[in-house]
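In this document, chain identifiers A, B, C, D and E correspond to the written order of the chains, with residue numbering beginning at 1 in each.
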C-alpha cells in the first residue's frame, strides 16, 4: 500500500513535469497533452536499427526507468511514507543514479548511429564533471545529520533547512542534479541543435515512450532528492507532511525546467573545466565550512 | 537483520516489477501490430542522408585527462561517507584527519591541473 | 486515409491510439522551419510540433515545391519516419517522384496551414490504421551488401572471405546500390584519381597532386562518401605481415593534435539538420567529437542561368525574388535597382525611402529568423519562441505596427545582452580575421565597417551609420546583428513609410546595368545585360557564396557543438549560393 | 547445520551472475559489451555483498564500479582495434596455458576454501547503520594511518597517471 | 561451516580463475587490466565473506575491502595512463607487439 502510494505519486509528478515541459516547448498549457502523446507513441511503429547491439538498445530505456525508480525508492515523502528506508540511503541514491550513465551509454552505443554514439560518450564526460558535485555536498549533509538515513537527514533539518545551513552545497547539488537529468542547459547527450536528439534519436514508438518516462521520473527523483537533502523534506507548517513534500518537489522540478528554458546550452569543455576547477574546490570548501559549523553550532 | 534483507527484497522486487511494466507496455504496442520492414527505415537517421557506415570505431574522447584524475579522485568518497557519519561524535580529530586526506588528494588535482590534464585534449 | 498508414483493422485500442495521434502531430519540415517562418507560417500555433529527426515525426511538411536536388533526401526522410506517417504539402501538389501523393494539400498561407492541419487530424483519426497498406520503396533507398576488412577499408569485395592483408574475416557493409560493384575488371564509371594527402584533389586521369606533388591514387568514383577519409591511404602495404599488427594499422593514420591516432568517421549534418538552415549539407569528418575535416555545400543553390531567350523584366524580378525565400524583398530590390540602372532611370525620393524601409523591415525579420535558428542550435528555448514570434509579426508589418513592435524588440535585445552563459557559449567561437571576401554582419564583426548602405545616398540622408565589432567571433556576429536591428528600426522610423519595390517601366531598351544591395547577409551584386527590354544575361554575386567556402577551414579542430555554432553564426542562406 | 536459506539462495544467485558476466567479459568480441559485462559482474558482486548484509560495502561497490567501469569502457573503445567486434578478431594468445592456469587457480583456491578449518561462523551481522559508524570509528581510530596511506597512494596514482599520459609538448606550454 | 561462506569463497575462487585466464590470455593491455580487475574482485568477495562470517565485530575487515577497492582504482588510473602513453608513442597497446618491437 505504502509502496503503491509512493509510486503513484512519482508517476503523477512525472506527468505534471511532462505537462510543464510541453507548455515550455509549445507555449500552450494542455493538461491532456502528455497523455495523448504517450498513447500516440504506443500506436506508432517502433523499429530497431539495422545491425545494432540489440541487447543494449533494448535494455537502455528500461534501465533508465529502473535507475530513476530505485533512486526514488529511498526518498521519504512523509514520516513512514517511503518505499524503503535503507541505512545507507544517501549513498544508495548516488549508486542508483550512476546507472543513468550506464543506460545512456547503452542507448548511445546500441543503435550504431553517429548522433547517438556521440551523445552517449558526451554524457560520460558530463558524469565526470557533475559526479563529484553530487557526492561531496551529500557528504556535508550527512555530516550534519550524523546518518545516511534519509529520514534522519530530514529530521536533522527541523530547526533550519539545509538550504540555509549550507547554501553553497545546495547550489552545487542543484546544478549537478540538473546535469544528471540532462535537462537544459546540460542536455549535451540529447541536444537537438547539435545531435538531432542524440541518445534518443533512434528510439521510436513505445521504446521512446519508456525512455521519456524514465527521463521524467528521473527529474522527479532528483527534485525529491533535492527536497530531502536541502529543503527539509516534509517539514513545514499547517499543511500535512505529504502535501509539503509534493509542493516542494513540484516547485523544484518547475524551477529546474524554467532555468533551462532561459539559458543556452553549456559547452562541454566549459562544463568540465568549471566543475573541476571551480566546483570541486567549492565543494571541498563547503565540507570544511559545514565541518566547522557542525562543531561550533550544531 | 531481517528488516534490512526485506528492504533489499523490496528494491529487487521494484526493479523486477519495472521490467514487468516495460514488457507489458511492449506487449500492448505489439498488439497494435508489428513494424513493417521497409528499405531505408532501419538505417540510423542522419538528417536526410543514408549514412550506412558503422560508427563503432576508436572514439577519441577528449576528456581523458579528466577521466584519469576522476578514477583516482572518485575513491575518496568511499572514505568520506563513514567519516561523515561519525564526524560530530569524533569532533576535531575527524576534521583534522579528513582535512589532511583531502589536502593530499587536492594536491593531486592541482598537479593534474598544472600539467594540463584539466582541459580538452 | 493516409498513404503511410499502419496495417490493421480499426477497432478498440487502435481507434484510441489513432485519436491520440491526431492530437499529437510532430512535423519534420522541408526545407526547414526557417523557410516556413520566412514565408509567414506559424507552424507551432497551428498545432504542429517541430521534430528534430524523422524518427520522432509523423508528418512530412513540404513548404512550397521541393527543389530537385533535395528529392532524394526527402525520400530518405519519409522512409525513416515511423508509420503512420502523412505528407502535408503546402503550396505544391506534386511530391518528389516515388513518394506517394500528398495526403493533405493546402495553400501556402497561415489559413491554408490551419485548414490543412484540421484535415490532417481527421485523416489521422480516421485512417491511421487500415488494411492492405503497401511498402514504400525507392531507388534512393536500395542497398547492396559488400564485404570489407574492419582494419583495411580499402579492401572491399562482393563475397565474404578473409582480408588478403591481415587475414581477418571480412565484415558485411551496406553500400548504396547505385555505386559500382567493386569486383570485376570493367568499371562502368571510370575510376577517379585523388591525392592521398589532399582528398579534395580529384581528377579523371592519373597524375600528380598540384599541392604536394605526390602521385595520385585511383579510387572508385562515388565511393568517397563511404570511406572515412582518414583511411584512404591506399598504398599501405603490409601483405607480408605474420600477425595483425595494430602498430602497422595506426602508423599511417592522421593524428590529432594530442598525438593519438584514432579512427575518423564521416557524418552528414544536413540537409535537414535542426539548427542549420535547410538545404545546407555539412559533411563533417569527426575525430571523436572534434571536427577533423569539414565540407559544406548547398543543395538548393541556383546556377544563376537564365533561359536562352532571356526573360522579361517583370518576370526577372519575380524570378530573382523567388530565388531566396529567406530574403525575397532584398533580391526584388536588387533586381529593380539593376534594371533601373540599366535603363538609366531613377524613381523619386519618396519611393526610394519606402524601399529602404522595406529592406530594413526584412533585415529585422531576417535577423530575428536567424536568432530563432541560432537559438535552436544552441538550445535556448525561450529565445527560439520569442524571436520566432517577433519575426512573424515583423514580416508584413506596416510602419505603425513596426513602431508598436519596437519596444518588444528592444526588450529582447536588452535581455540577450544580460543572458548568462550566452557570452561563454559564443565568445571565441569561429574567430575570423578581416578578409576581402567577407561581407555583411560577418565582415562587420571583424572590425571592417564596409556596408553597401553607406554608399547609398538615400540611406545617408536617413541617418545611416555602419556598426562594427572587432572580435570576429560568434559573439561579435550576434552583437552586430542585434545592433543592426536597432539601427534598422531607426531607419524605418526615419523613412516614414514602407513601399515594396516594384519595377518601373523600363521600355524596350538595351544596355548593361549594375547595382548592389545590402541584404541581411551582406552585399549582393547584380550585373545584367538587357536586350530590347529582355534580360539576357545576369551575373549574381551573393554573400553566402563566399561565406560557404570559409566553413571548411573555420571548423577544423573545433569541438562538434562549437563547429555547428560557428556555422549557424555565419547565417548562411543556401538558397542564394551561386554554383 | 547446513540449511539452504533464502539468504544463501541469493548469495549463490548473484554469485553465479557475477561469474557468468565475468566469463562474458572474455567471450565477446565487442569491447563495449566486454566492459559493461565487467560492470555488471561487479554490480552482481555488490548485490551479493548486500545479500551478505554488508550494506555499506555493497552499495559502495555498486556505485563505484558503475562509474569506473564506464570509464574503462571509453578507454577500451579508444585503444582497441575493432571496438564494435564486427571483425570477430581473436585477440588472445597462449590460450590453453591460460585456461589451465585459470582452472587450476580456481580449483586450488576453492580447495583451500573447502578444506581449511574456518572455525565457527558468525550468524548475526551488525545492523547496517552500526556498520557505517563502526567503519567510521575504525577510520579515525586504529586504521587512521592506513587511511592516510590510502590517500597518499591515490595521490601517487594521480601524479603517475598524469605525468605518463599527458603529452610532453603540451606540458611545457601550460602552467 | 556455513554454506553462505562456502558459496562466497567459491565465487571468489571462480572470479580469481576467470581473471587469471584473462590476464594471461589477452594480448591487449586494457584487456589484461580487466583480468586484473576480476582477480581483485575475487579478493573483494573473499574479504567481505571473511568479515561477515568470521569477524563481524571487527571493522578492520571492512577497511581491507576499502583498501582493495582503492587498489582497483589506482591500478586503473595508472594502467590507463600507461596505455595512453604507449598508444601515443606506438599507436598500439598490444603487449605482444611491444615485446617484438623491443627485441
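Methods note: a residue touches a chain if its C-beta (ideal position, glycine included) is under 8 Å from a C-beta of that chain, and two chains touch if they have at least 3 such contacts.
Predicted, not measured: the structure shown is a model, and the values here were computed from it.
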| item | value |
| --- | --- |
| Partner chains that chain A and chain E have in common | B, C, D |
| From chain E, the most remote chain by mean C-alpha position | C |
| By number of C-beta contact pairs, the top two chains | D-E |
| Taking each chain's C-alpha mean as its centre, the one farthest from chain A | C |
| Whole-Å gap separating chain A and chain C, where each centre is the average of the chain's CA atoms | 36 |
| Where chain C and chain D are represented by their mean Cα positions, the distance between them in whole Å | 50 |
| Chain centre separation (chain D, chain E; CA means) in Å | 6 |
| Chain D: positions in contact with at least two other chains | 7, 30, 32, 53, 55-56, 60, 64, 67-68, 71, 74-75, 78-81, 84, 86, 124-125, 127-128, 131-132, 135, 137-139, 147, 150, 154, 157-158, 161-163, 165, 167, 170 |
| Sequence positions of chain A contacting 2 or more other chains | 42-43, 45-47, 50, 86-88, 91, 94, 109, 112, 114-115, 121, 124, 128, 131, 147-148, 196, 201-202, 205, 268-269 |
| Residues within chain B bordering two or more other chains | 4, 28, 32-33, 35-36, 41, 43, 45-47, 51, 54-62, 64, 67-75, 77-79, 81, 84-87, 94, 109, 120 |
| All chain pairs that touch each other | A-B, A-C, A-D, B-C, B-D, B-E, C-D, C-E, D-E |
| Complex contact set, residues of chain D against chain C | 78, 81-82, 84, 86-89, 167, 170 |
| Of all residues in chain A, those that touch chain C in their complex | 24-27, 32-33, 35-40, 42-47, 50, 114-115, 118, 121-122, 184-185, 187-188, 191-194, 196-197, 201-205, 208, 260-270 |
| Interface residues, chain B side, partner chain C - complex | 28, 31-33, 35-41, 43, 45-55, 57-62, 120-121 |
| Of all residues in chain A, those that touch chain D in their complex | 53, 55-56, 86-88, 91-92, 94-95, 98-99, 101-102, 105-106, 109, 112, 121, 124, 127-128, 131, 147-149 |
| Residues on chain E engaged by chain D in the complex (per definition of touch) | 1-22, 24-31, 33-35, 37-38, 41-42, 44-45, 48-49, 51-57, 59-60, 62-63, 65-67, 69-74, 76-78, 80-85, 87-88, 93, 96 |
